[in-house]
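The structure appears right after this line, and notes come after that.
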């Protein structure tokens, strides 16, 4: 099934939820969902026999950097407002079709329901999204940093306004 | 000070209240963790109650670098992610960028990429089989595998000048054309390699102790494999023919006929360590078939004609996936019209395959855990990115 | 009462010095040979930079190990930590006194030679337990627990086979066993010993079974692959000698190699006719006792070294067994077969 | 290279000894020199390497100890436990999370120990020097390094050359003097 058919199926399945297809000039299109309706949509595409997306390929977290840029006290730029977005890429081993779902969460306290009970592979992807972007996943059993050291308190590295700290436990970081 | 991080990390080790359970730390420096991976084992005697993998000891900030370099400068960093099959990383990255650019590739480049990719798959599987034999205790197969791998590396070195990290496949073409007598060098190697595979078969595949050590251990049932999104020899070992070269053919894989080896549980149960090992061994034979077909129908032509000087793709998002020797390697690239990618997220197969370890290593011996880890075949550069 | 005449006193001095030199020379040679053989098996070149053809490699290793700092791990039990290597080397060194190299160099003329060997074999177990316990390291504790269970359970088949040998070749004294297989190789026990044809045909299968069982059991005693689980490199970093370095580690290293030689020597004594030469002694034609001694020494070392070579080849081809597979190999296969060998020996002794 | 003329001074006895000099008795006379050279030769020709691979350079280190470029020729055996190892070949990128482990490992190694920093990642952070927020820019910030091997990853021959340079350096060391003041400028 192409993404259009899946979109129409979801559309008439959930009338009240605002979902639409977005596409840039190049590349694939994907379905945009608001964070609070995300859990329903994910459950639907997993359990609906005609869709049956049982293989979560990848969860990617992106910092859209669309807030307004401000200068903080010692001069480096800070992005206020704006959104962080999450892309879920799924595949169905039986129906052999793919889909990409996007949700965007506001930057200040990003929180998204976890998808661990649907696909076990979401566990490490979500921990990495939390570690790199700071997006909290409610319901995740042990949401800890996975790649960075456990006591890293200098912020979330992959955000566009991340400033590399000068020292980490008396180890000088910059060259 | 420095040892706060150390104490914080080992806080869980300090509270060994329950006398029955001993917390053993297979630390970042261990002969059989294939690099810097720390496994925290809760051990009751020799039986493992629980495994907690701690990764991140080789996190080299790939995604941060990808945002700071333009599309051609990212290739050396893509090489250094899965340093055992860096040719295939370039291949995956090149296909993703070409989807963004929407350009056509000359025929000869397509064939060269398939040949180089399959040679890299053989080299990577040889290392996987060699270190798997090392974990189970036999030293000699490791050196036989490395001897054959050296021959492949000389082929690579003669074409693109590097032994391990090649920066060879660029978006839109290749950096160097094949040197004139590449074809019969490769054919000689393949002929001799088939003979060498025989003594590898005697040493490992039919070795009674090896079979006893690996059959029926670390069984990965099908539903857990799909639920954990395993890929590559991990999922094919459990009997699911999930190979992206067949499901979603990229490049010109649909022109060659080869079959996908799948684990049938010949020696033990389906989806155990031996099956994963045997699937890798059969995949080497398949790759030889592909290379032979590609070599004798290798067209000639100019390799550099479609190579773009400046890569400035239009705004767009692409997720392309390739079948790297370790599994499904996905590149998620967002381009915002400038010559630097806005964001690159890599779906590393070892990262996902490693997350299955706590699931299948419950209740086995320490010696089995080493065998299971060897059969998963992870590369820490890719796990930590 | 032992008469204190000159011969006895001179023997008392010469033999320990000879064995001391022989063991250290053998250890130096064996370490170098192992690295060269493993290199040949893996078709690479072994050590050849240190001295001509790398012959001085092991001397360089020993000299370097002397200079190494040998720290005590934190919270380790110092007495047992030091006692373990000495005990393990002493245990394998004492067993040499029972091995007859030739008529003159044959140390103790014990009637309970083989039982003495099993008794001293127990010291190895204690020394490894000391090492594992005292180095205050989880890996070495695991390694020593495994090796204690392995060595104890593999001493039973050895003891049973020695009993069967005692019944079949009616002597426990190593020198008498060798003397019974004197002159001409078809008198060796592997070919049925020097008795009439019917008994010889009966003895050959018995010797075959017990040679294989002894070889496997001795491999396990000396912690050699496929039974090198106590110092399994890939699982328990370096097993019981993880915390040892410097001269203490070299004692463990030498103990392992002298254990290998003892295993080879015992197999050659019981089944391949110890120091008896296959074609009779040339010295007996010139009837000079001294040449006979040299020949006997020559044949004894050649047989033992060939079995040591076999042990080394086994190490570089086979993977490692798991601890529980090792146990059921011993209890389910080796011990029942050695019981069968004992009954079979009973039958033989009546014919 | 001041080693040659020093030996000439020694031979024709130009150096004046004053008894108040601290290492008056340890000046390398003929007898002591010989013993030192023997021990340095032994230390040089049996360097046991700690199996310790971090990243891509570890694969090159493995192919160095494989059949084509044999490490065993120089007497280098891989030893898993730091107690028995002499040389620690830091092969790969040192990250901040790994830094405390490397320091502990270095301290666990027993005394005459050496460090080869293999590859430009271990030497100065390599390709990750600019944006590597989690990469330690060079392992010599936490442990003293004896020999740096350039390259990313260095070829096996480069690693062998690094090992030979370390062996030359060990030859010139004196065991009898303390370690730090006898490191002559090579």
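Chains here go by letter, A, B, C and D, matching the order in which they are written, and residues are numbered from 1 within each.
As a working rule, a residue touches a chain if its C-beta (ideal position, glycine included) is under 8 Å from a C-beta of that chain, and two chains touch if they have at least 3 such contacts.
Just so it is clear, the model here is predicted, and its values are computed rather than measured.
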When I count C-beta pairs in contact, which pair ends up with more: A-B or A-D? A-B
CA centroids of chain A and chain B: separation to the nearest Å works out as 25
How many angstrom between the C-alpha centroids of chain D and chain A? 47
For chain C paired with chain D, centre-to-centre distance based on mean C-alpha positions, whole Å: 38
Distance between the centres, which are taken as Cα means, of chain D and chain B, whole angstrom: 33
Multi-chain contact sites of chain A, meaning residues that touch two or more partners: 147-149, 157, 162, 169, 171
Where chain D touches two or more other chains at once, by residue number: 66-68, 80, 97, 99-100, 130-131, 133-134
Counting only residues that touch at least 2 other chains, which ones in chain C make the list? 42-44, 233, 237
So which chains end up touching which? A-B, A-D, B-C, B-D, C-D
Hey, which residues of chain C end up touching chain D in the complex? 35, 39, 42-50, 54, 56-57, 59-61, 63-64, 67-71, 233, 237-238, 241-246, 249
Write out the stretch or stretches of chain D touching chain B in their complex. 50-56, 58-60, 62-63, 66-68, 80, 82, 92-93, 95, 97-101, 103-105, 127-128, 130-135, 152-153, 155
Using the touch definition up top, name the residues of chain A that touch chain B in the complex. 24-28, 30, 54-58, 60-63, 87, 89, 93, 96, 100, 119-121, 123-124, 132, 145-151, 157-158, 162, 169-171
Contact set on chain B toward chain D in their complex: 2-3, 5-6, 27-31, 35-36, 56-61, 64-65, 68, 76-77, 80, 83-84, 127, 142-143, 146-147, 149-150, 153, 163-165, 380-381
List of chain D residues in touch with chain C within their complex: 38-39, 41-43, 45-46, 66-68, 70, 72-75, 77, 79-81, 83-84, 86, 110-112, 175
